[in-house]
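First the structure, in the form of C-alpha cells, and then the observations on it.
As written, the chains take the letters A, B, C and D, and residue 1 is the first residue of each chain.
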C-alpha cells in the first residue's frame, strides 16, 4: 500500500461540518481547489489514526479483459519506494473521509494510471476478497508495518491507455497463463501476490 | 424464457463425437454453416429433455452503467409471444451442448440486442442469483410451464447500440430510481421482475 | 449502529507497540483484564477519528436457518437508545484495532445475544453488501449523524439460545414470509431495514 | 463426478405430469417408495441426454470449520471406480428433474457421508465457482469424458459424524495448512484439485 503521508500536508483540519455538502466526485478524483482531495489528513493525524484504528483501503487488480470477459492480462505498477528501491505493486489507497468506495476506486486508478485509463468499475461492491493487514508479523497472511488495514479488493478492467505518473514509473502487463506470471508475483511484497492469485481464482483464470 | 423450439429444426442429430473439436465461439454466436449454432436440438429431443432433466439457462439483465459502475438504466425486451401477445422480458436462453457460459451469454445478448451492442461480460461467472424454475405452480418462486430450468443470472452492461431483431420488437430502458420501474416490473411475467429486483439489490441500486 | 463511546473509558492510550503480540481472540470477545477489549478508544480519540476517517464496521443480520439452509426467521434487537426510547436494530459494531473481522463478528454477536448463541460464522468474508453510511443526509442511502462508516454486512445463523444483555432488551424473530416482516422493518431506522431486505434478496428468501 | 448409470434402472418413465405435486424433499434424499429418488433416469435416457445437453451438477467440498468459521479440515472421499481402482474425489451428483439445488446438495451429502453428517447448507446459492466440464480434452480446464456438465460448487461444513456407504470406502480429512494438502490434491482427478484450491482461495484459507 502506498504511504500517503508525503502528500497530506495541505489539509485544513479546522473546516466545519457541512463542508462536504458541495463536494463532488470530481473533487475526490482530481483534488479540490488547494490540490489535495477533501478528506486528506496531515501526518500527525494519519499517524495517530494508524495506531488506534483499522484503516479502510481499496486495493485494485487492474486487468485487460477480452470480449468474453476473460482476463487476458494482469497489470502491476513499478514504483519507487521511500528508500529509493523499486517495487512491484497493485493499485491501493485509503478511503478518505466522506468519499464513497466507487470514488476511492476511481481516484486511485486515476492516480496511478492517469486520466484516460477508462477503468470499468464493478457493478457490485462485494470485494472478491477482504485482505486484513496487521502491523504484527505472523498474525495474519497480510502484514503492513505501518498499520492495521482492512482492504476491500476489486478487479478492474482497464479499457483505455495508461499514463503512469508521480512515483509510479511504469505499468506492466502479464498474461496470467504465461510463465512470466510467477516471476511477476515473486517480485510483489506485502501479500500483493496472494491478492492477485485470489483474483485469478475468483475469475477462473 | 424464450421458447427455442421454432428455431431448432436444422440440427443434425447423427453427427459423431469429436465434431466439436473445431467449433469456435463465433459458431455459437452467429451460427455455423447451416444457420443454427452447434448444439441446437430438434423439437422432439428438446421436449423429451424438458420432461426428464433440469435445463441449464443463462438469464441476463442488460443495464447501462455510468463511469462509476452504477446502474443508470435497466433494459427489458418487448417480445411477441407465440400466442401473438406482447410481453416484457429479460434476455434468456438455454446453454447449448459444448457451449461455455460466456459463449451462451454473448450469443443470447447478440440474438436479442444485435451485433453492435458491445456487452461487457462479467469477469467472474458467479451468478448474482440462481433462479430455479419448476413446471409445478407454487413449488418455488419461479414457474415455467415448459420445464424445470436452472437459470444462472448475470447483469451485463451494454456499451454499444441495440438493434433488436427477430421476435424482439424493442428494447426499452428505465432509470431504476424512477417511478417507471414499478410499472415495467409489473409487466414482466415468470418471475423476471423478481430477478430484476435481485439484480438491483445486488448492485446496491 | 451502537454508540460505543460510553464504554470506552478504560483504554490505555500509551501502551507500546507489540502489546498485541499476546492478545487472543478471547480477549476481544470477553474483554481483557481491565474489562474492555484491546483496541477500545476513549471518547476524545473516537470522536476525533469519526471526524477524520471512515470507520470500519461489521453489521450482522442474525437468522434461524432450517436444515436446508433456508432462512426461517430473521432476528432483530430491541434496544434502549441514549434518549431513552426503544429502537429495533441489527447487531453492529466497530472493528477494533488489531481485531480480525471474524473476531469482530463473534464479539458483537456475543455482546448482544450472549455467550451461548452459537453463531455459525461465514466461511467466506465477502460481505453480502457493503453499506456506506455518511454524516450528510441525502448523500447516500445510509445516514449516520455521528460518522462516515463502512459496514461489511453478514448474515449469521444462530444455532443456540439468546440471552440479551446490557442495553439490549430483547431479541425478536420474524418469519420472512409473514406479514409481520414489513411491520418489523418499518420500525428499523438508519437503513437497517434496507440491509435486511438485501440479506433476504441475497438468500433468495 | 459419479457415474449414476448403475443405479438408474428403476425409474418409471411413463408417469404422468403432476406426479411431482406430492413429492417431498425426503423423497429426493432417501428415495421414494421404489428405492430411487424421483427424477432418476434409465441408462438409455441419461446417455442420450449426455450427448445432447449440458447436465446440471452440484459439487460439494466438505469441510470442518472452527468456531470462527475458518476451515480447519477439508474432506475428500476414497471411492472405488468402475474399473476397480480407488480414486480421491469430492461429493458430486446430478441435479434431478424437479429437485431443488438445496435438495440436491443434501441428497448427495447424505449419499456419501450418511444420514448423521449434519451438513450446514449455504444460506445463499451463489456457487463459489462454476466448473464447466467438457467431453473434449483441452477445451477447458475441466474434462469429463462422459458429458458436458455445469457444476455449481459449494463448500459445506459437516457438523456431525460421517458414515461412508455404498461405493465410498472412506472419508479423509486434511488440514489445509499442512503439507498433506498437496499430496491429497495430487490424488484427485478431473479437476477436483482445482475446485478445492478455489474453495480455499474463496475462504481465505
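Just a few scattered comments:
Throughout what follows, a residue touches a chain if its C-beta (ideal position, glycine included) is under 8 Å from a C-beta of that chain, and two chains touch if they have at least 3 such contacts.
Everything numeric in this text was worked out from a predicted model, so none of it was measured.
In this assembly, B is the chain whose CA centroid lies farthest from the centroid of subunit C. Shared residue numbers account for over half of those found at the interface formed by subunit B and subunit C, and the copies are therefore classed as meeting with the same residues. Comparing the chain pairs A-C and C-D, the larger number of C-beta pairs in contact belongs to A-C. Between subunit A and subunit C the centroid-to-centroid distance comes to 27 Å (mean Cα coordinates, whole Å).
With each centre defined as the average position of its C-alpha atoms, the distance from subunit B to subunit C rounds to 39 Å.
For this pair, subunit C with subunit D, the centres built from the Cα atoms lie 35 Å apart. Among all residues of subunit D, those that touch two or more other chains are 125, 128-130, 202, 204. Interface of subunit C with subunit B (complex): residues 129-130, 141, 197-198, 201-202, 204. Against subunit A, in their complex, subunit C makes its touches with residues 13, 17-18, 20-21, 41, 45, 49, 51-56, 95-101, 125-130, 132, 134-136, 139-140, 148, 150, 152. Residue ranges of subunit A in contact with subunit B, taken from their complex: 25, 63, 65, 67-71, 102-103, 106, 120-125, 128, 155, 157, 202-204.
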